[in-house]
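Should a chain be cited, it is by its letter among A, B, C and D, assigned in written order, with residues numbered from 1 in that chain.
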Amino acid sequence: MAKLHEECGVFGVCVPDPRERDAAYTAYRALYALQHRGQESAGIAVRRGGQLLLRKAPGLVPEVFDKKTLSDLSGADAAIGHVRYTYDGAERDTFRAQPLLVRHAAGDMALCYNGKLVNARQLRMESETRGGIFQTGTDAEIISHIIVREHLRTNTTEDAILNAMHYMIGAYSLIVLDGKKLIAARDPNGYRPLCIGRVGGCWCAASESCAFEALGGEMVRDVEPGEVVVLTEDGPVSRNVNILARHALCSFELIYFARPDSVIDGVSVDLFRREAGRRLARRSSVEADIVVGVPDSGLSAAQGFAEASGIPYAMGLMKNRYIPRTFIQPTQGQREQSVRIKLNAMGSTVRGKRVILVDDSIVRGTTSARLVKLLRDSGAAEVHFKVSAPPFLNPCYFGTSLPDCRELAAHGRTEEEVCSLIGADSLQYLTVEDMRAAASGLRWGHCDACFTGDYAVPVPHGH
Amino acid sequence: MAKLHEECGVFGVCVPDPRERDAAYTAYRALYALQHRGQESAGIAVRRGGQLLLRKAPGLVPEVFDKKTLSDLSGADAAIGHVRYTYDGAERDTFRAQPLLVRHAAGDMALCYNGKLVNARQLRMESETRGGIFQTGTDAEIISHIIVREHLRTNTTEDAILNAMHYMIGAYSLIVLDGKKLIAARDPNGYRPLCIGRVGGCWCAASESCAFEALGGEMVRDVEPGEVVVLTEDGPVSRNVNILARHALCSFELIYFARPDSVIDGVSVDLFRREAGRRLARRSSVEADIVVGVPDSGLSAAQGFAEASGIPYAMGLMKNRYIPRTFIQPTQGQREQSVRIKLNAMGSTVRGKRVILVDDSIVRGTTSARLVKLLRDSGAAEVHFKVSAPPFLNPCYFGTSLPDCRELAAHGRTEEEVCSLIGADSLQYLTVEDMRAAASGLRWGHCDACFTGDYAVPVPHGH
Amino acid sequence: MAKLHEECGVFGVCVPDPRERDAAYTAYRALYALQHRGQESAGIAVRRGGQLLLRKAPGLVPEVFDKKTLSDLSGADAAIGHVRYTYDGAERDTFRAQPLLVRHAAGDMALCYNGKLVNARQLRMESETRGGIFQTGTDAEIISHIIVREHLRTNTTEDAILNAMHYMIGAYSLIVLDGKKLIAARDPNGYRPLCIGRVGGCWCAASESCAFEALGGEMVRDVEPGEVVVLTEDGPVSRNVNILARHALCSFELIYFARPDSVIDGVSVDLFRREAGRRLARRSSVEADIVVGVPDSGLSAAQGFAEASGIPYAMGLMKNRYIPRTFIQPTQGQREQSVRIKLNAMGSTVRGKRVILVDDSIVRGTTSARLVKLLRDSGAAEVHFKVSAPPFLNPCYFGTSLPDCRELAAHGRTEEEVCSLIGADSLQYLTVEDMRAAASGLRWGHCDACFTGDYAVPVPHGH
Amino acid sequence: MAKLHEECGVFGVCVPDPRERDAAYTAYRALYALQHRGQESAGIAVRRGGQLLLRKAPGLVPEVFDKKTLSDLSGADAAIGHVRYTYDGAERDTFRAQPLLVRHAAGDMALCYNGKLVNARQLRMESETRGGIFQTGTDAEIISHIIVREHLRTNTTEDAILNAMHYMIGAYSLIVLDGKKLIAARDPNGYRPLCIGRVGGCWCAASESCAFEALGGEMVRDVEPGEVVVLTEDGPVSRNVNILARHALCSFELIYFARPDSVIDGVSVDLFRREAGRRLARRSSVEADIVVGVPDSGLSAAQGFAEASGIPYAMGLMKNRYIPRTFIQPTQGQREQSVRIKLNAMGSTVRGKRVILVDDSIVRGTTSARLVKLLRDSGAAEVHFKVSAPPFLNPCYFGTSLPDCRELAAHGRTEEEVCSLIGADSLQYLTVEDMRAAASGLRWGHCDACFTGDYAVPVPHGH
């Protein structure tokens, strides 16, 4: 079930062959493959004849980019693109959409990123003290200020980025385009995914490897934590910021955010989820007739559970493919039924059955309770809730929009109390140990602070 | 894979309790659940204070209905709604959208239907000879003319419908609203599904039972072939046209059109598809490692195949949930890659595996060929194509938009030749016998003329 | 001041020369010139290769027709177009927009008209009795039914129109396009204007001659009351319905509706208005410093008043050119000021001056009162209101949207009472005699029933 | 005729009375009255509870502001608004629309301005050298940078503005809103108009006094060149920058830009234009029958010409009120006729007459030639062209979008050659002396460098 949202997906491409120069169209297709990472706004900045051009607006990729808009950007030899989630309503989203295109002393620069700075406020105030002006107050604008400031002391954008990284604390997977180069950078903790791929003769960078496959290309490797990669015609040139930091890929990328067909830091998202399901099964003592996954992010874990338990996998919940973002809210009395618009229980499958229901998380518990009720209303004899992640207990400062701790179902409740809250016959979470074991193939470390409170960087007080 | 399209989904509701009068909002939610039956236009006609009001336009349900439009229709005690597929471009779709609202000698009438008349042209010419005027030429307008003509000889709309049914040949599931009554009628052959449900205190009619469940209600029964049901506060009152006709539910409703969570004429769509998959498996002699269904309509059959064969079910293809209707076509060289935008093969699942690929049909063969290639590109060792329906060989005159026979892959080709066309290692169709056996639970008969040429009514020459 | 609205403007063109075939674009430009006759919807039907195509929608001409829509209609050898005023809200305007395109026994026919039938209801009921169906209930649909019915008895559309005219009572200037011909017809009373023009090698028909000049062509002659003109490559072919009827051009066409640069039934609208102003002046005994016309329709009369009185003409009111139809209504306290958004008094011109204010009419009196106040607020010493038409006293049944009699300022009030109502220092109406004298150049007679109650045809009781 | 465009109109209001707090709606109505100063984008920034909010977008005022958008801004105690002309296409206009809302070390600030800096490029580079980032490169962004930089050295925004004015060279009428104050500032030369008004209990600032009248209020006084006015509940508090500068109100504000009902620096725009017309008449030796003004900006001068010459004023050209910005361009052969869509000559008025045609300017000559032809085509016996301004000979650097000198009709041509170019029977320009005499009532001086080359500030070489 969609409950948490990360802020963004990023993409960059450079097209060496002058005959194939349509970097904007390549970015457009890649953003489709990354659309699951953000549906609030979309944007593409391109470089054509050394000039940077930008189009961005609130909306899904196909809403923002039509034929005319794409053709405005045609003929480009490089492009970066962005899809964004959060909308805080302060102003029309257009201004907060990315990429951000800025002109500074050394030329033009377009920038987009995925993540969240822990010290954004301090960095902004520091910049303001020197006369800095902020038009949106977004992290993207803050990062631009630091890079531009450092660029005054360096010759190249990549050097400026390397310098700037010493000041930025938190999660950031960054893609920058200037008049000459395309640069990808990942924070020293490696909180958010970022990888390099090859599509025909083009080098690309993207939040997830599924973007390369959607383009008919392939992933080459991850960007390392703390690495800055300059993509040129001759391939990636690597620099390293040399900041010692605990590696901390956000575990929710594996559990929920990423597409199952992506591979992150050496781990297949699908295989991770199936392994989580298998481990859940191994510790489960419940007898049941079928295993049902909550579409779409619970399906892989459900399959793993079925494999390991021998209980047959079944499509017991059906997702309506046409539910839009603009569903008109029902009046009070009808609200209860609104989950039915999105999901329907398959009576033919669940009637009279003892159901293992696998989902990736329980946040507030409201949606989970509705799912249980939906299955019971369709005749399920029993509903055993299996969560393919440990219970949420702590806040996230790195771009995962977890609600305030006090709203979390697991906050201040025993497992029995949560089970009773959602109305299930039994409840089982993945243990932290199993989660870590499933993630053990990660090339670098991961962050599971939302479960354990063990943060990889100091986090602010009174945040 | 979506390849064939039926024309419509219909819905009707009457709300006896004056305190709950929001028939338009009920219809709006039901149309969401029926959106898979038509994405080209949507419309709702309501009755408020004895007056009929209409809103319809091209677009998806959420595009056509916003808060303002719904509130224009609020307070209604009955409503009918429609989603429509075909767009033939002759005129702006608004005029061809349904419901159709007409005024005639006995009052106002709103009408929508799903199906296709075989003798539409003759009926229109007959009407024109008497001075009839056609503004759209749609079957809905033709049906209105006949009902209105018969109404001159009868006292009630239901009698007029019963009379009219003697002239209409073909497929039609019809819902009519007049100033007093809500009426549902199904053609004597029963080509298209139509059923009665109950949601709270309201009686409803819909193309598929999934609409009732989305509303939190339940299916009561199918409308019988040749039956006319008047829905009143006291429940359905049944009339029968008493035309002898071979029962002929379109088998493609079970195979592809309907949502798996619907039950049609006593048969669960999901169970039918699983049974088709099981029967495919029983006649299959291929050795393989995994069974992969083509999302979304091939998934049930793939599950059935897995059950019967013992080969594990796996999610080997991943559908991008954000692909819109407005994807900008790539330039020639890039067209090949466009299927990748929609579907992605899961390398982690298929690499090195012998894959059973289950889909519901092969139409022209182009899409099937791309699917096979996609799996091979992601490392599948073998791809064995299983079709959960027999080969298409004959035209459909009843609302299924099958292309011209000469474009069908199976037309004039042996099974080996089709296999070679799509590039699979082997190809297996469901046999007609197995299809019929899987459908044997249907309360009335079915039509499989597209496979067998055995039409339930005489079809036009030179059509 | 815009206060009354007629329903429509019509246009038709046939393009004999195959190299110049863009009838749709010609109609598009002509509709601009007729836009003052209707701002609610616009539509164009064309004939291309013998087929009729239609595009229509609510909105101004440029809102309805963009490049794509016009190019959908390109290459046509004939076109008819329509702009429409009234919006009665029963249904989305698209359905009530004209032209109406219908298919009947003898082929296709597109039709648009300007006017109002007095016996529309009877005609509709008559048609319904024969099984006729109405989708909008507009007069256009009723007229289509009668023409189609008569076409069953005749060979040509023009004969059908001539027959139909015997049944239609009221105002109608009609333009019809079928697969072969373009036909213009004017009711036997000649209530609404209709004229023939020539633009390059094309023959045209239009509500007003200004359309021909906007196209760079010229007016040839009026269509006579009761005349049916078939426009062919060889020029207009005339038929006459031979119904004896009192000629009755709506006098408000001259006073307010038509553009001043049009010539109707031999009378220049501008010259008529100037003559009305001159005649007002001759009967005026008021001493004043300046003559101010209310933009735009009061300007000609004001000029005439200035000429005859010797009092200087001055631009004392300024109209804001950018006021749209969507001005957001102010809250209660601010409503008073809303007229200021539209009009501004020129302080430099009116301060300390005794002002003759010339407007074409007083309907309810509210707007007139605001104008007087506006001038006084800007320092006018005196405001003498001159109306270039007699007082409204009677209802109009022919397409002029006069409000109910009881709402008319002059209804049940003496001239002094109206003067006091609007707060002017004095008030003078044009006398009926002067109005008739100014209109005496009309080739045929006119209707002034709204002033005199002298209707040219029997009007319905209890209407 | 619209030919030149200034960049903007600005407005600001503060609402002391808490019960009347709807500053956004006041700004909305004022922007309507200023819409003639810019139709490309519109924006309003408000202060509510000490916070600044912004809405802006490309389009006319009613396109940008609907009910929802206005209500987003409701309850504000101060607002500033802007309409903008120029569109240079580099990026979607939203980013270049004003007001600009920025956050800096001392808080938030919204800013809008009308004019053009001569030294914008130097100021931007200076700012970039210190690490400044530009997202649009507009003058508004540059001005913000300077004000914010100076704010680091001062306590209040008005002090920062006063400091900044020492660096800014060129034309700027500026309105700034911060968390506490509303500030209006006019450049020391006074190039663009700016005035203070009172509406009920509110103090306002606007580009033109017509905005106050549209709100039912009145002008109080002009902002003086070099003056900074802080608008508080207690009325305007004045500060002066004390920069010696030649006063230089753009003479084209009087000749063309401003609305005739505005009063600028003590001069009524309408009276100025009438005086220009009178002076033209006094030097004219042409015999003629009627004086015709080109709507809308030539009408006042034409009236003045008529007064002084005794030749009767007549409406010989009629402007179509419905011509939108989106008129679809005709094909080549039809382009000639496109002026006819906008303007129509009144045959009834001009036929056989010797016409004095008064317009405010000749830029390239193309439009003037079409006007002459239009009158001749409608039967004018002679057309004598009178221009109520001297010939354009020099570039403008202060926000008037005059084309390159080489495109100006008067550049390198004698008066006879221009007359021949536009096809008139005679041509007369206003002399520079007469223009200066007509403007002699201006409280401060004016700039007529476009006619004389006499610039009030040094202008850049190679600009």
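Operating definition for what follows: contacts are C-beta pairs under 8 Å (C-beta built on N, C-alpha and C of every residue); 3 or more make two chains touch, one makes a residue touch a chain.
In this text, all values refer to a predicted model and were calculated from it rather than measured experimentally.
Participant: Strictly by the touch rule at the top, which chains does subunit A share as contacts with subunit D?
Facilitator: Common neighbours, subunit A/subunit D: none found.
Participant: Could you tell me which chain lies farthest from subunit C when each chain's centre is the average position of its Cα atoms?
Facilitator: Relative to subunit C, the chain whose C-alpha centre sits farthest away is A.
Participant: Any idea how many Å lie between the Cα centroids of subunit A and subunit B?
Facilitator: So the centroids are 36 Å from each other.
Participant: Rounded to a whole Å, what is the gap between the Cα centroids of subunit A and subunit C?
Facilitator: Taking the average C-alpha coordinate of subunit A and of subunit C, the gap between them is 60 Å.
Participant: Can you work out the whole-Å distance between the CA centroids of subunit B and subunit C?
Facilitator: Centres of subunit B and subunit C (C-alpha means) sit 49 Å apart.
Participant: If every chain is a node and every touching pair an edge, decide which shape results: line, ring, star, complete or other.
Facilitator: Graph shape here is a ring: one loop, exactly two partners per chain.
Participant: Across the complex, what residues on subunit A touch subunit B?
Facilitator: These residues of subunit A touch subunit B: 22, 25, 28-29, 32-33, 35-36, 39, 60-63, 65-67, 70, 210, 213-216, 259-261, 263, 268, 270-271, 296, 299-300, 303, 307, 312-315, 318, 320-324, 326-328, 330-331, 334, 336-337, 340-341, 344-349, 378.
Participant: Which residues of subunit C touch subunit B in the complex?
Facilitator: Per the stated touch rule, the residues are 53-55, 57, 90-92, 94-95, 100-105, 125, 128-135, 137, 144-145, 148-149, 152.
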